[in-house]
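Sending over a structure as structure tokens; questions will come in a sec.
The chains carry the letters A, B, C and D, assigned in the order they are written, with residues numbered from 1 in each.
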Amino acid sequence: MSDEPEATRRTYSYLGPAGTFTEAALAQVPEARGQIWRPVRNVGEALADVVEGRSDAAMIAIENSVDGGVSTAQDALATMPGLRIVGEYLVPVEFVLVGRPGTRLEDVSLVAAHPVAYAQCLRWLTATLPAHAHIPAASNVASAVGLIDGTSDADAAIAAPGILEHLEVELLAEGIGDNAEAVTRFVLVSRTVAPPEPTGADKTSLIAELPDDHPGALLEMLEQFATRGINLSLLASRPIGDALGRYRFVIDADGHIMDERMADALLGLRRFSPKVIFLGSYPRADHAIIRYPDRYSDDVFVEARDWLRGLLSGEPDR
Amino acid sequence: MSDEPEATRRTYSYLGPAGTFTEAALAQVPEARGQIWRPVRNVGEALADVVEGRSDAAMIAIENSVDGGVSTAQDALATMPGLRIVGEYLVPVEFVLVGRPGTRLEDVSLVAAHPVAYAQCLRWLTATLPAHAHIPAASNVASAVGLIDGTSDADAAIAAPGILEHLEVELLAEGIGDNAEAVTRFVLVSRTVAPPEPTGADKTSLIAELPDDHPGALLEMLEQFATRGINLSLLASRPIGDALGRYRFVIDADGHIMDERMADALLGLRRFSPKVIFLGSYPRADHAIIRYPDRYSDDVFVEARDWLRGLLSGEPDR
Amino acid sequence: MSDEPEATRRTYSYLGPAGTFTEAALAQVPEARGQIWRPVRNVGEALADVVEGRSDAAMIAIENSVDGGVSTAQDALATMPGLRIVGEYLVPVEFVLVGRPGTRLEDVSLVAAHPVAYAQCLRWLTATLPAHAHIPAASNVASAVGLIDGTSDADAAIAAPGILEHLEVELLAEGIGDNAEAVTRFVLVSRTVAPPEPTGADKTSLIAELPDDHPGALLEMLEQFATRGINLSLLASRPIGDALGRYRFVIDADGHIMDERMADALLGLRRFSPKVIFLGSYPRADHAIIRYPDRYSDDVFVEARDWLRGLLSGEPDR
Amino acid sequence: MSDEPEATRRTYSYLGPAGTFTEAALAQVPEARGQIWRPVRNVGEALADVVEGRSDAAMIAIENSVDGGVSTAQDALATMPGLRIVGEYLVPVEFVLVGRPGTRLEDVSLVAAHPVAYAQCLRWLTATLPAHAHIPAASNVASAVGLIDGTSDADAAIAAPGILEHLEVELLAEGIGDNAEAVTRFVLVSRTVAPPEPTGADKTSLIAELPDDHPGALLEMLEQFATRGINLSLLASRPIGDALGRYRFVIDADGHIMDERMADALLGLRRFSPKVIFLGSYPRADHAIIRYPDRYSDDVFVEARDWLRGLLSGEPDR
């Protein structure tokens, strides 16, 4: 809690309740400390808070290394105008199995779990509790809350480790995720603002539609990046929703819109695509400096523009 | 029911119980009539039935026009060897809202729904029942079953229309899906067999990994198709799961492995990719004849091979 | 002849003497009428006249439809800085066979001819004068002059039709070129000036070196044009001269440097290539309006730049 | 001279007379020693000798590092069917200036020279004999012969060094070529035969036309090589001759038709191009072993074909 008066404090929406991985992501944001944290029930609500002014920013999960792109988040960003990604955060995905006080692991038969969490622990469950059955839950916190408030018949729940700080539950097993390296990527989203200054370790997020369905449109889109030496760290297709076989592409590209090569690629993409959404250029969570061939450096672009200007004015050759 | 003895009847696994969209897809398969239909709880179980010999084939949902690729199905096909897609089926996605007998729409507050179904009806729900809350269910049938067997607190459930033939529920609203054109694509999966003969209206499904993460690997993979005049109707990226930023690609390509241009593209893909899974060539559900430029026709390939053979043997020019 | 005082008249260098195809090209230039025409002996001398100020412009042959690029002209433009092509002219290539007065065709044994002209009439000569021998001449005029001034042993000479207006020779045969459609392309070259305004039917001439010898450098260079919808009407390779296998490329591209797509392609080319020489944008001799897909029109480029500017300033989406 | 009877000796045509660079190239062919050497006047005659059976093979100049492709040779190979290149030879291009016995360098005013040789010595001539004039000659031997037999008014001639062994001329200067590294590439051409076995240091020569004039046809042709890891050491455009702007391409590609990647590229080229002429696969004159990425090696191609065969037969996955 802060002594700052509410009027001057900033509000951050996140998928609640307390104890979710999203809350852990928000805890990584220095500017969010001591501000108002507003728990919401889904990503659409979080983004609507921002668009409609109830919050200054929203933290949302955008991708995880096991389950892939969070399609509801990608689709919301594709269809809600006025938003801009301003930061990226990584949270290791760890799961615990918890029960009501006194429960023993060998007695567990019904397991409550959010479907994504369930999928990520399936190997452990199959080996440890071969006869279990699954009851879907709305979140990695709701699964455990149901045990305590009596609304769930489950014997145990899969939850994030943070649950132990919030609820009186018994820890039955920890580290039950099937992939020890699992991590979820979150982004902090604000209303449209000018991009922050480049740091050298930046990422640019985009959503683009293809002009039409011919055997080369996607190829041509990707060439906009490849011919400027830009690597893509994410390329996901999402159905536009009007017909099978019509997709938009969610793209994360290495670099910043203020890098000459990225600006040039964005121009090419805009000319090519019937619809491009620029979601933002922001520092990467892993702080990895972007490497690229010298011939795509800013001064090469500047020099070429000077050369062209000279040609147009009839200056002697250089 | 059939009089055929069990020993000679074929078994089909599908996501049950009776009344699901998957059952509707299976009902489209003429060979499945009068055979054993085995309801299972998830796609992994359905495919394991096939691999382990409990079933002859499994019907699984692979993509829907609103929610995109069914990632659990794509991932299961990517990791379980020994399977082959042999047919494709489309089921229009329609949703109804049902309640216990006597329930009135205006009394509904808690709505049970499978998360994918919930997402597809969200616009209607927001307009019609603005104050509703969502309880996740395991399937489009389980949502309604809970109303009747008393295990759910929900007032109403989103379900497939077929539910009305199986359960004593009250129809509160129909056609509540947000997209009237919504359709789900299913595939019938058997153990590895030789592909069926081409029909001229075929599709080839593949999963491929990229050789390494450089600004052009995906481009190079797509060129394997584009340079042979092959259109892709699906390109989806799925995380391999070992690290963020590592993807495999799920591909549906127009044509059949026995088409010369497709065989040549598969050879190119195999040489290029560290891992390619051929999931099958099979007739398209929409029976649309594949069109392609004349210069990619089979006889062009045959003629070129004859020409090469002549060159190697020192025959006079043609 | 003109009454204008020499001091204010312009000088045009061309491959002389009077009667050459180059003179016919110069006769197509309205501004050259009544000015000083300076005959020179080769293309190097003509261009040196311009660079060193002895002439205002030079007319040089750059390509013919039978023999291909005029390599000495291409190489001179590649190595002499300070030049700019300002116009293009086409001259039909027709050849006559002439002799001393009184000569009969059946008596001809030795034929004087410039080697390029000889090559273009070889089929006719082989059919008509199977036993002839060839004496090379320095130009299509020198071949005939030698007959008259006694410095040549030849019985007949291949020459341009204009020779009959300048020399007392006997016409032995006309239309002896093997290709009735043959045409030679000439360019008018001045010192470096600003390009003329676009006409919609323009051509841009360039010479570019590739960055290094890897399987894809030329491909990447051509993509600079293809990805902007620009057609190339000429692509010729010329050895750089320092080692076998090292080439520069002579390029004629449809369009004008003031077209947005061409300016953008030139920027891409400059960034890519270790050496680019812009030879000029100028009206095409055939006045053919350049056609290109709408998505490469100027306003698409302008709109994309406005969009990028908006993104950088944090303006709301459009 | 050989004691072998004529009937069993082989005949080689070459651009004569004795003393030309072409003769020097032929002297590099071990199999040609002691056989019949037939001097001809031009490349067309040399190739016609082979086609019509007067010779077993012809040595022709195909490219030099200063002047570029020998267009008459390229055009003859493009239009005369039934020929195959079977070997490649390099001859350093050196020039000497010779005169009649007693001539002194300072007295030289008129210089006889083949135009290509003249171009290659122009810098030296301009510096040493600034006031000289040029008389074109038919070959690097004819230039000197004219001095001796009295048919030429020239004071000196540019010739190949070998001239000193054949003619009684005075050496006025040697090493007068402007590029000390200059070299001419020759090829030995026979009637169509099966290609020789690969040596690992081979070259494949081709001539191909593009399907039509759109902004990507050349790109697509080059991709046939680039996507198989094949480097091109020569790419030259030659007018087809029927209209300005219509070209065929002369290609030298690293590798041998019996290399899997080259055979595959040839198949792709044949399918793509309306006309491809395979001129031959033969050992490179420089014996440089061809390097290429592992993924284009023969066993990768063989493995992919085995894989495809397995898919078609319904074998279990590998």
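What we mean here is this: a contact is a pair of C-beta atoms (placed from the backbone, for glycine too) under 8 Å apart; a residue touches a chain by one contact, two chains touch by 3 or more.
Quick caveat, the model's predicted, so the values are computed rather than measured.
Shared residue numbers account for over half of those found at the interface formed by subunit A and subunit B, and the copies are therefore classed as meeting with the same residues.
With centres set at the average Cα position, the gap from subunit A to subunit B is 26 Å. Annotation: 60 Å between the Cα-based centres of subunit B and subunit C. Residue positions 223 of subunit A each touch two or more of the other chains.
Every pair of chains that touch is listed here: A-B, A-C, B-D, C-D. Residue ranges on subunit C touching subunit A, taken from their complex, read 81-82, 84, 192-195, 211, 220, 223-224, 227, 257-258, 263, 266-268, 270-272, 277-278, 295-296, 300-301, 303-305, 307-308, 311-317. Across the complex, subunit B meets subunit A through its residues 44, 63-69, 71-72, 90, 115, 119, 122, 134-138, 151, 153, 179, 181, 183, 185, 213-216, 218-219, 222-223, 225-226, 229-239, 241-245, 247.
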